[in-house]
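The structure appears below as C-alpha cells.
The letters A, B, C and D name the chains in turn, as written, and every chain counts its residues from 1.
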C-alpha cells in the first residue's frame, strides 16, 4: 500500500482552507447552493463523473423542505456568496445533493457518504473561529456539528483516490448529502437507486469530545426516529360572547401533548417521544382556532420507533376528533436504527492499524443516543447483501488560550483541524483495500 | 264546589297510615313491587280501571334497570313484605307502573302524576320516623324525597274523586310512576301513549324546606338532563414485564374526565357536566383493562343539554380510540327541560285561593336547579296542545324536640304530615274545576 | 334649555373632520401620542385646565404595557404623523391619558369618559374609509371599535360646554382614556384619585349594529374580567440523549390548559375562562423549557370573576410545581362587572326625550357579554355614593353601495357619522341638566 | 461430601405431603397463621432455635397490612384449619415471620430465605390439583407462585442439615418470609437485624416455565419498585345545583393519572409507572369527593426507581393542590434492585455440578422484569461485605392429560413435584460447602 498518510498530510493546508471556507459560509439543509455547487465544481475538476440534484435524489422524498420563497432567497444569497452559477442552477428548489463517481473496471462498489449542511445556531464571535476570522457570516447558521470537516474530507479523499486510480478495481461513489440535520436528506438519495449496487458503505463523523487519534470503527446506538409536524385546525369565536361557538384547537393540542408523553414505555428497548414546540391561538379573548406542534418519536430499533409513531398518530387524530378539529400531519424527517457490520469494522480496524496514525482504535460500537439518517443508506446496502459501517474519529480542540471545543450544536463548537488528513488517509486506504 | 277541604281532612288518619306504611317499606326504582301492587289493589277497590306494567309502559324505554337477579331478589323481598301477589305478578321484571282511570262521559282529560319510588339512603334511626317506629326496614333505601307522600296523596285524590264522580264531566287518569329517582321511569310511560289524549297534566312535589300552607303554582328551573354510563375496555398486561402490551382503559378514562369537564360553557344558558363515579383497573401491577364512568349532562333547555351530550359522546369515543380501547355507552336516565303553562298556573292559583287552605300562594315559577322526568309528560301533553304544570307545596316539619326536617335525600328527611289533606283537597278541587 | 341639538349640528363638519383624522392615524393602547397630544392641544385651546400623563394616572397601575423600545418607536412614529411635540413630551413612556377640567363654582362634579385607542386589525382598503381615502395608514392598527368617534364626541362636548359655561354650576371633568382595548387603562386613571369627587359618571359607546336614533340609557351585561399572562420556565435537555434531564414547561402548560378549561361552572351566574394563546418550546428535539400562555377569566360579577381567577392561579401554580417549573404571572388587564344606576338612567332618558333627536329610547339595560374597563370608574364613583351609567347610541352605516358596516373589531367596521352631533348634544344636555 | 441427593430423595414423599397441605390451605400475606405456625412447630421439633414475629421482624416496617378485623378473621380461620395455637398466638396481628437457627460453633453465617404466602387468585377446580383433591379450599387465594414449594424445600433443608450438623462449622439461619407478594414483608425482617451477621445469603424460586433439571445460578433483572396508594379527599356538592361548591377529587385524580404516565423516560435504564386501579366518587349527580389510586413505580436500579417515585409524589401532591384537595400517601410495598454476586454464583454452579442432578446450569443471570423483595435481604448482606444470590430451578409440569402447567399467578399454575428433592439437596450441599 502506498504511503497514504504522507499523501494526505501533503494536502493538509488545502484541507484547512476548504474547511474554513465552508465554515465561514454555512448553509442550512436544502439551501446549500454555495457548498453544493463548489463541491460539484471541484469533483468535476478532478475528473469525477458528477450527478446533481434529481440525477441522484428523488424530489418528493425530501423532508422538511423550506418554503419556495425561502429557497429562492437562499439561492440568491448563495450566488452572492460565491456559488458556482452553472451548478447551482441544477440545484434550484433545494435539490442540493451531489455524487461523484469514479469507475475503475470490474470489482466491488464502495459508497462513501459525506454530509455538508449546517445547524441553526448563532456562532460565538469570540471563540477561535471568531478570533481567527473564519466564523459564520450567516446569522443563526453555523457549522457546529462538523459537517464542514466531512465535506472537506470528502474532497481530500476524491483527490487522493483519483491520483491512485490505477490501483483501484471497481467503483467508488462519493455521496455528498445535504440536510442531514433533522434527518431529512438521506431518504431522497436512497430513493434514487444510486446506492442499489453498493457492496460496502462507509461514512464517518468527527467528534469534538474525543481526542485526536481516537477511532471508533462502528456505531450502534443510533435511535430510529421520525420527525413530524401536526397542525390542528378548529374555529375561532369570541371567548366572552360565544364560548360554545368555536372549535378549540388548543384543547385538542393540550390533550395530545399529555397523551403523547403518556405513550407507554416498551420493555424491548428504549423509546422516546417529544413535543418540542407548540404554537397555538391568536388573541387572548378568542377561542384558539389553530395549533401547530413540532414533535418526534424515537426507538432503539425501527420497529420500536414505528410502535411509538403509530401510537402517536392515533393520539393526534383522536385529540383532533375529540374537539371537532381538523388535523394535518406533515412528515419532517426520519432515520432508521442502524447497526454496523462487524465484518466491515474489522476491515476498518485492520486498515487503521496498518496506517499507524490512530493510536486508540475501539472496536466496540459506540452508543450515542442521537439519530442519523445515514442509517437509511446502511439499511439499503445491508438489505441488498452489502456491508456498512459508520466510523467516528476524534477532533477535540485545545486552543492556545487553554479552552476546549464546545459540544456539538453549541456556539463554541470547533475541532482540531489535525484530524483532517488522517481521516482522508483512512477513507482512501479503505478504498484501496477493498478495491485492490 | 263541595267542601273538599273538610272531606280531605276526614281522610287524614287514613292518609297518615298509608304514608307511614310506604315510608317503612321503601323500594328503589323498578323494584316497587310492594308499593305498586298495594296501589293497584286500592285503586281497584275504589272502582278505578287499573292498568299495570306493559298496559301503561313500554318495557324497552325503561332506563337504569337493575339486573335480572336483583329484580328477582326484590320481587321475593316484596312478597315477604306484603306485596299483593296477583298484582305483583303483573309487574315481574320491573314493570311497576300503575294507572287508575275514571271515565265520566265526554269532557276534558286530566292526567295527574304521583311518583312512588325511594332513594338509596340509609335512614337515621334516631330522627322522628325512627323514634316513632316507622323508619325504613330496608337497608340503604329510604323515602327521603317524599314520594311516600305523593303516593298517599294520589290514593286520597282517588278516593275523593270517586265519591264526587257525578260532578265530573270527562276523564281522570291517575298515573303512579316508578323510578323517578335517576329520571328513569317517565319516558317508558309516555311511550305507551297513555297520555296522548290528556288536555291537562298536573303533578306536585312536597318540600321539606317550605312551611305548611305554602304553594308554588308552577316551576321552570328544571334542567334537562341525560344520565349515562360509559365503559372503556382495553387489554391487561403486566406493568413491569410488558408495559407496552396492554391497552390502558384508565388512560382513556382520565383523558375523558378532563375533557368532559372542559366542554366549553354556553352563552345561551346554564349547562352542566359531571362524572360522578369512576372505577377502573384491578391489580396495582396490571395495566387497567376496564374503566367504568357514571356521568350526567344537563342544560337549561333540552337543546342545551343535547349540545353538551353530543360533545360528551365525542369526547368519550375519541378518548377510547386514542388508547385503542372499546367503548360502550349505556343510557341510564333522561329528563327534559320543562316550563309550566301560565294558563294552568292561573287555574291552580284561583282554585287554591278558593279552597282557603294555602295562605301563601306564589305564582312566580320556582327555580330549583335539579331535574325531574315528569318533564317528559309535560312535553308530550304540551306538544299535543294541552296544558301542564308542576306545583310545590310546603311540608316543613318542626318536631316536638325542636328539630327541623332535613333536606331532600338526607338521612333526616321527614315532613309535617299536615300537608297531606290540603294537597289531596287541592288536586281534587282542580279536577272538579276542570271537569265541571 | 338652549337648543343644543342645533348647536351641535353646527359643529358637524368639524366633528367629521376630527373623526376622519383620528381614523386615519389609529394608535394602539399606550402609544396614542398623536391622538392624545392633539386632544390636549385642543382642550387647552378651548380654555380647559389640562392634565396629562402622571398628572391624571398612576404609571405603575397601567397594564399590558408594550416594551420600552416599542413605545419609543411609536413615539417617533407619532411625531412624524403630526403629534404635538410639547404635549407628546409629557406622554413619553406611554403616559397618554388626558383630562380636561372646567370648574364653574360650587355644585356637583360630573365626569365623562371618552376612550381613544385603536384595535390591532388591518383595515380593509376597499370599504368606505378606503374608498374615501381616510382609512388607516398604520399597518395592523385600525379604529374598528369606534373610539375615534368617542374622542370626537368628547371634543364636541368640550366646545359646547365651554360656550355654555355661564349656565353651569359645578365642575365638569372630561376624561380621555387610553388603552381601553384589553381593558388596560382605566384602572391607572382611577388610581390617580381624579374621580374621587365625582358625583355623576357618564360614558357612551357607538354601535355599528343599532340604527341612528337608537339610545340605550344604561348597560348591565358587562362581564368582570382579568387578563393575565403566565410564563412557565423549566430546563432544556436533548430529547433523545437525556429525556429525564429537562424540566418540561410544555407538560406543565398543557396540564394547565386542560385544568383551566375544566374549572367548574358556577350556579350563581356566567363565568368564562380562555387560554387564547400558547407558545412553547424551541427545537423539535429539545425538551421545551419555556411556555407562554395568554389567558383571561370573566364573571357576571366581580365576585364570580374573582372565583374563577383564584381557581386559575391555583391551577397554574400547581401545574408549574408538578413539573418542577418556575411560574411568572403578569397582570395584563382587568375590568369590573358594572351596573348602571337607574336614577341616572332616568335622567338620561328624560333629557334625551326632551332633546328630541333620539326616536327609540330603551331603558332596559343592554346585555353584551363583553367587558369594559370603564367599570373601574363606575365602581369608584358608586363606592363614593355617586351615580354612574354607560349609554349606547346607534351608528349603523348604510353605504351608497348598499353595504352595511361590519361588526366591531372587523376590517369593515365603520359608522354613520350622523351619530356624532346628536351624541354631542346629549352629553352636553346632561351636563346642563345636572349642573343647572 | 455425603450423598445429599439420595438423602433428599428419601424425603420426597414427605415433601410432597407438606407441599400439597400448604397448597390446599393457601394464605395471603400477613394472614399465614396456619402455614407459619406449622413451620415453627416443625422447626422446633427438629431441634432448631425458633424466632417468631417480633423476635425476627419489626412490626412498623411491615407494608400493605390488612385491616385489624381482616387479620382477626383470618386468625380464626387459620385456627379452624389446623394452625398450631401456641405458635399462632405469637403471630397475632399479622406477625407471621419465622426463623430457624442452627449454630454449629465458629464459622461463617449462611442465611437462606423461603417465602410462604399465596396469591389472590381463584384456583381452577379442573386442573391437576383439583382433580387430585389438593386444590385451594380458601376462595380467591391460591399458591399460584410456588411459595408452597419454597416452604417445603425449607423444611427439607432443615431436616437434612440437622442430620448433618456435625459436618457444619458456623451458623445457618433459615428465614421463612411472609408477604412476599406485593413485596411487603422482607423489609420488616431486615429491619430486625437478624441478617446483620450473615456472610452468604441464598434464596431460590421455582419456575413453571423451565423444565426439571434447569438451574439459573443468579438473577439480575429485578426492578426496584415502590408500591403506594394515594387518596385524594375533596368535598361533595350537588352537580346540578352547586357545581362550584365541591372540591373535585376525580379531577385531581385524572390529572394525576395522565401526568404520572407522562413522567419522562430515563436514558440510564428502564423505568416504569402504573396506576393499576382508581376508584372515585359516589353518586352520578354528586361532585366526587374522594379518589383512591393504587400505583407503583419501578426502575432498573434503586436510584432510577427513586427518581420516578420522587416525580410521582410531586405529581400527586400538585394535582391535589390544583383542585384544593387533601392527599394521603400510603406506602404499600417496596423492593430494591438486586444483583447476584458472581463469586457466590460460582459456588452454586460448582456445587450443583458436583451433585449431578441438574443437567442444564446457566451462569448468565436471568432477567425477568418483575420485582422481588428478597432484594432487601441481598442489599443488607452485600452492604455488610457478604455475598448474595438468588437461584431459579425448573419445575415445568407435564400432566398425564398432556397439559402443561400455567404461568405464574394464573389459575392453572402447578409444578412437577420432582423438583423438590433436588432443590433440597442443592441448598443443603451449598450449606455444607460453605460451612465445611
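Definition applied: a contact is a pair of C-beta atoms (placed from the backbone, for glycine too) under 8 Å apart; a residue touches a chain by one contact, two chains touch by 3 or more.
What you see is a predicted model; the values in this text were computed from it and never measured.
Asks: For A-B, which listed pair, B-C, A-D or C-D, repeats its interface with over half of the contact pairs the same?
Replies: C-D
Asks: To lay chain C over its twin chain D by CA atoms, how big a turn is needed, in degrees to the nearest 5?
Replies: So the angle, rounded to a multiple of 5, is 180 degrees.
Asks: By mean C-alpha coordinates, which chain is most distant from chain B?
Replies: Between chain B and the rest, the longest centre separation is with A.
Asks: Between chain C and chain D, what is the separation of their C-alpha centroids in Å?
Replies: Computed value for the inter-centroid distance: 70 Å.
Asks: Distance from the CA centroid of chain B to that of chain D, rounded to the nearest Å?
Replies: 53
Asks: At least two partner chains per residue is the criterion; list those residues in chain A.
Replies: 241-243, 248, 251, 255, 258-259, 261-262, 264-265, 267, 272, 287, 369
Asks: Could you pull out which chain D residues touch chain B in their complex?
Replies: 182, 223, 225, 227, 238-243, 248, 250-251, 253-255, 257-258, 261, 272, 274-288, 291, 294-296, 298, 332, 368-371
Asks: Within their complex, state which residues of chain A touch chain D.
Replies: Those residues of chain A that touch chain D are 258-259, 261-262, 264-265, 267, 270-272, 369.
Asks: Which residues, counting only chain C, touch chain D once they are in their complex?
Replies: These residues of chain C touch chain D: 241-246, 248, 251, 255, 258-259, 262, 264-268, 287, 307, 314-315, 317-319, 321-324.
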